[in-house]
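Pasting the structures here.
The following pair of complexes shares a single chain, chain A, combined with chain B in the former and chain C in the latter.
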Partner chain A sequence: MERNRHPRWARRAALATFMGITAASATASAASPGAEIWARTVSFFTLEYGFLAYTIAGSALVGALCGLLGVFMVLRRLSLMGDALGHAALPGIGIAFLLVQTKALGPIVLGATTTALLAALAIGAITRIGRTRPDAALGLVLAGFFGLGVVILSYLQNSASGAQSGLQDFMFGNAAAIQPAEVGLLGGLLALTVALVVALYRPLQLMTFDAVLAKTMGVPVRALHYGMMALVAVAIVSSMQSVGVVLVAAMLIIPASAARLLSDRFERVLLIAPALGAAAGVLGAWLSFLFDGFSSGPSMVLVAALFYTLALLFAPRRGLIAQRRQRQERLRRRDAEATPNAGESARRPHSAALGEAA
Partner chain B sequence: MLYELFIEPWTIGDWMWRGVLVSSLVAISCAILGTFLYLKRLSLLADAMAHVALPGIVAAYLLTGSQSTPTMLLGAILAGLVTSGLIRFVERYGHARTDAAIGIVFTSLFALGILLLSTFARDAHLDLNCVLYGNVLGVADHSLILLAVVTVAIVALTVLFFRPLQLATFDPALAAAFGLPVGLIHAGLMGTLSVTTVASFEAVGAILVIAAIITPAATAHLIAKRLETMLLVAVAHGLLSAVLGMYLSIWLECSSAGAMVTTGALLYAVTLGATWARRRWRRAQRRQRLQASALPG
Partner chain C sequence: MRAATTTPALEVRDMTISYDREPVVEGVTLTIPQGRVVGILGPNGAGKSTLIKGVLGLLETDHGEVRVFGGELSGSRQEVVYVPQRGSVDWDFPVTVKDVVLMGRYGRLGLFGRPSAEDRRIAWEAMAKMGIEALADRQISEMSGGQQQRVFLARALAQEGRLLFMDEPFVGVDASTEAAIVELLHEMRDQGRTVVVVNHDLQTAREYFDELILLNKRLIAYGPVKQVFTAPLLSKTYGGRLAVFRDHDDQEIIVGA
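Then we have the complex of A and B:
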């Protein structure tokens, strides 16, 4: 049974992805003349410009990394934590720029990671020592840090030399501006994350599904939690250049949720989510290359949302269509049971019993 | 020195008066609304609603070509309704938990709004920066009037329907048993949230309005034990952060909305620290008293 279902599931997933791409390209070609779109698409995927290799690799890595980490966040009910950490990276960018006065990658990544981590610690501390509710604590930290970031960025804008002009890219992302160093950083980060997930698979799985049980069995839940938050913070910060701080939460939440619809098995979800994320990343970068005014962040998020919608409709068992079919099947069985046609129900005693149970 | 820092801004033109008026109105309406949302554990819905006001407004502009206040309001309210419907839909059929459902829906809609704004609605006078961070000093007259009307309406509604609101907030089941229209009250709250978001939009922007809604209520909840006190403390917190934020923004020459939010967050942090210290001190005292009474004789 298990072996039998796998190919069908794989076929459907492939079909869903394919339909997503088709739908995206259909909307794309509806918007402006097809020939030019095609030409630009070809030049995008054949890497006509040197920077495109970095753009594609970077976007795919961002999608895969966020998709993988997002699975844990979504399953642990921390979906909106990514939103808070993303917004909290903004003051770090500003402070780093204030201190070193250049847009060098190193200080900015360091600063943003620091404030994002501080935000994670602040959320933990607030809920522990005060009586503020967890959801409010999250919103409070998100908005407070973002407010501070706005203060610093606007201060820079009013005071400084104009060297800060590119800081705007960090809000909504500009995948074309991804630097080779960032691709290296993202690749290293993805490798580290995969290695950690493989090495700590059992404790992580246990913690994800039953934190209390994990604790009683001696899993260092708190250390793992903050370790994971650190990883998420670094991932968010390295995704800033392509997705932007405002929408990075979506890349954590949406591919993971879509993967969750497509499979009930943890290992498979852990494989599907990064795949969907990477696809959304590349297609989003492609859309933003095709059309003027499409920032890469929002484009990636919309492609991911399209994947989610397709999964919601066509997922093999949890999709709306499959569910409707199952319901109709149940109803038909009940009808067959109810009609005074003894031959029908006698021929299928098993399904009749099922119908009764339902 | 003191004169220059504190008094002088009020004497040069009327912009300081205007800025403080605008931010106080935002603070009052958001603080009252936020208190009820906080108590109903809906703080993060404010996050979602504030974000989706943007696609609502842009879509309304694209469909009607007008940028009048009623169109914007209508667009944002519809977007709010669509959002809460979609969140419920994703929760039910997408087997997603509430937080994930909120995250999926509002980020997607917000991304859509940003793209529409930067492509088809470029000629709209909706500056992306302004939409995100707001501009307290750039609020137009008709927006100021809208803000004033909304604030007065919120205060009046809260005073008039205080008891039903209180009951529906703390115990919806009991309120329903008493025959109160709990669903209607909830819908009213959501509608007010949309309207307030739009009214505050120009002043503080889509993201920072979340702070104006959540922070005062969270601060008040640390101190207050009764709903009346909580509302008053929340309003006081909002007003204080509005005025102090204006000063901060003048001294640093930075965004006044950002400064308001930062001040508000600092006030929360101070309150949190104070209540924590007070609790520790009381606990220590109680321990001392216990030890003293445990001594023989």
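Then we have the complex of A and C:
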């Protein structure tokens, strides 16, 4: 029955691709762990179980959405704001569940968004009133809200209804439990975000690079900022099921940071980050499907971190290897210029004298 | 309708700005006519940058009124151009020189507009004027200090405003860039534009500016360089942190801190 829930064309295409591989894996010994992993991989990508279509679609959408919004957060140095919003979503989930007693999407998203936005306001208020520095205010609010969330969730887990509701999934994510309604919500959010980024591309770029100049030009910087924060809060909340509140900020920060290493052009960074995010999402979901007990959130974040590491090493211009090569190139060119030049060697005795003095 | 040239470019009335209830700028009143290059001089912490940020509406003021070309600032947003200190932006941001200069046109595009061919032409002209055409497609992180300032000034030129505020444009730039900036200032004045420049180098003040604002929290003096650049007024502005020497031609040499 489950098998019929995903589109037939998707199954056909996937099946065709993996036909030969499946046959090969069937001949391998079922007892070997390699064969087991292979068999699970095949069933994951051929959507053998109906829920996998939603798992894959949802994880890709989460990665793409967070990746895209993350570019603005990272470039505006607001990365940790995402972390605070994510952690602050937890008490909202608990309170919503306390009130309605089911894991219904609507109340949970509403509750989580409410506490996340409250946290954002609290950070601003504490900074202004309490003379506490922004970084301390952020840490304080993040920890305070998260502590409250953990307390409420612990209470719920000890009560009968909470134990079965899978609320703990919201901590570290469980992509296998993504519901069709959540895929719809994520898809809608991604479409909205892409539309806004395309329509408001110029003012957003200007505001991200030079908010002060944008203000003097009459760009409504404050409205754009709060609009974006609200969008980030909703995106974080919608991503909780697959990534969890603890690590959701990583999906904002890591793909965007990797994309920044891979390109020096704003528009390309805006394309690469969601692509990396989507890939990390799907591969993370795959990892957590392969190994029982792997939460999907940490798995996705690990894949994203791997992407970042690869970018750090191999990025065409900003990667460590490329920079090392550029440095050597410069040194070689300088040596080549210096050797036949008498003026250059005339300067050497000076540095030698300095060396002796030291 | 363009304001008549007799309308002052900028009027500031009784402006006070505080950080944590401590006034940084106190009771400043000024009227700057059109077609002047005005330097703001004063020691560190005198409120020079704060004053122009207050005038531009970037900071909350305790009180004070600002009129630009005889009207509200909000009515002349596109006439007023701000060139912030170079260090105020992330020069590692993923954009090219051309992109940054084109941003000078964004104020006129509205929220959803796209730059037209005309906007691009104006941006190119501004780059040519600042001698950075050849760098147009380079990433901004590759720019030297002087080149960064040229990028900022090209962006300001592309804004085509009539009242410009520049915060420390001469800091950390090479000699040829400094000369190019001075030439630009004088050219703008000759076109009837007004440029207000925060500066802290006393040595060059006399040749670069038509008029000077001497500021140390309060307005010490405002007027033509000849009337204002005097030892008594400067020492009043800089307090003890100023030394006046006379060289063998009996010219005053003033060193401020």
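Some notes on this structure:
Convention: the second predicted complex is superposed on the first by the 298 of 358 C-alpha atoms of A that agree within 3 Å, B and C clash if a C-alpha of one lies under 4 Å from a C-alpha of the other, contacts with A are read in each partner's own complex, and residues count from 1 in each chain.
The criterion applied here is as follows: contacts are C-beta pairs under 8 Å (C-beta built on N, C-alpha and C of every residue); 3 or more make two chains touch, one makes a residue touch a chain.
Given the structure is predicted, the values throughout are model-derived calculations rather than measurements.
Once both complexes are superposed on chain A, the partners chain B and chain C fit side by side without clashing. By the touch criterion stated above, A:98 is placed in contact with neither chain B nor chain C. In the superposition on chain A, A:266 makes contact with chain C only, while chain B stays out of contact range.
Contacts of A:158 after superposition: chain B is touched, whereas chain C is not reached.
Of the two partner chains placed by superposition, A:177 touches none, neither chain B nor chain C.
In the superposition on chain A, contact is made by A:200 with chain C only, not with chain B.
More chain A residues lie in contact with B than with the other chain of the pair chain B and chain C. Once the two complexes are overlaid on the shared chain, A:218 sits against chain C while remaining clear of chain B.
Legend: residue contacts after superposition of the two complexes on their common chain; A:129 is shown touching chain B, with no touch to chain C.
Of the two partner chains, chain B is the only one that A:293 touches; chain C does not reach it. Contacts of A:37 after superposition: neither chain B nor chain C is touched. Of all Cα pairs spanning chain B and chain C in the superposition, the closest are 8 Å apart. The residues of chain A shared by its contacts with chain B and with chain C are 260.
For chain B in complex with chain A, the touching residues are 38, 41, 43-44, 46-47, 90, 93-97, 99-100, 102-104, 107-108, 110-112, 114-115, 118-119, 122, 132-133, 207-208, 210-211, 214-215, 217-218, 221-222, 248-249, 252-255, 257-262, 264-265, 268, 272, 275-276.
By the touch rule above, chain A contacts chain B in their complex via residues 74, 77-80, 82-83, 87, 126, 129-133, 135-140, 142-155, 158-159, 171-172, 246-247, 249-250, 253-254, 257, 260-261, 291-295, 297-299, 301-302, 304-305, 308, 312, 318, 320, 323.
Of all residues in chain C, those touching chain A in their complex are 56-58, 74, 77-78, 80-82, 84, 88-90, 93-96, 99-100, 103, 106-107, 109, 111-115, 139, 141, 155, 159.
Interface residues of chain A, counted against chain C in their complex, comprise 75, 199-200, 202-203, 205-206, 208-210, 212-220, 260, 263-266, 268-269.
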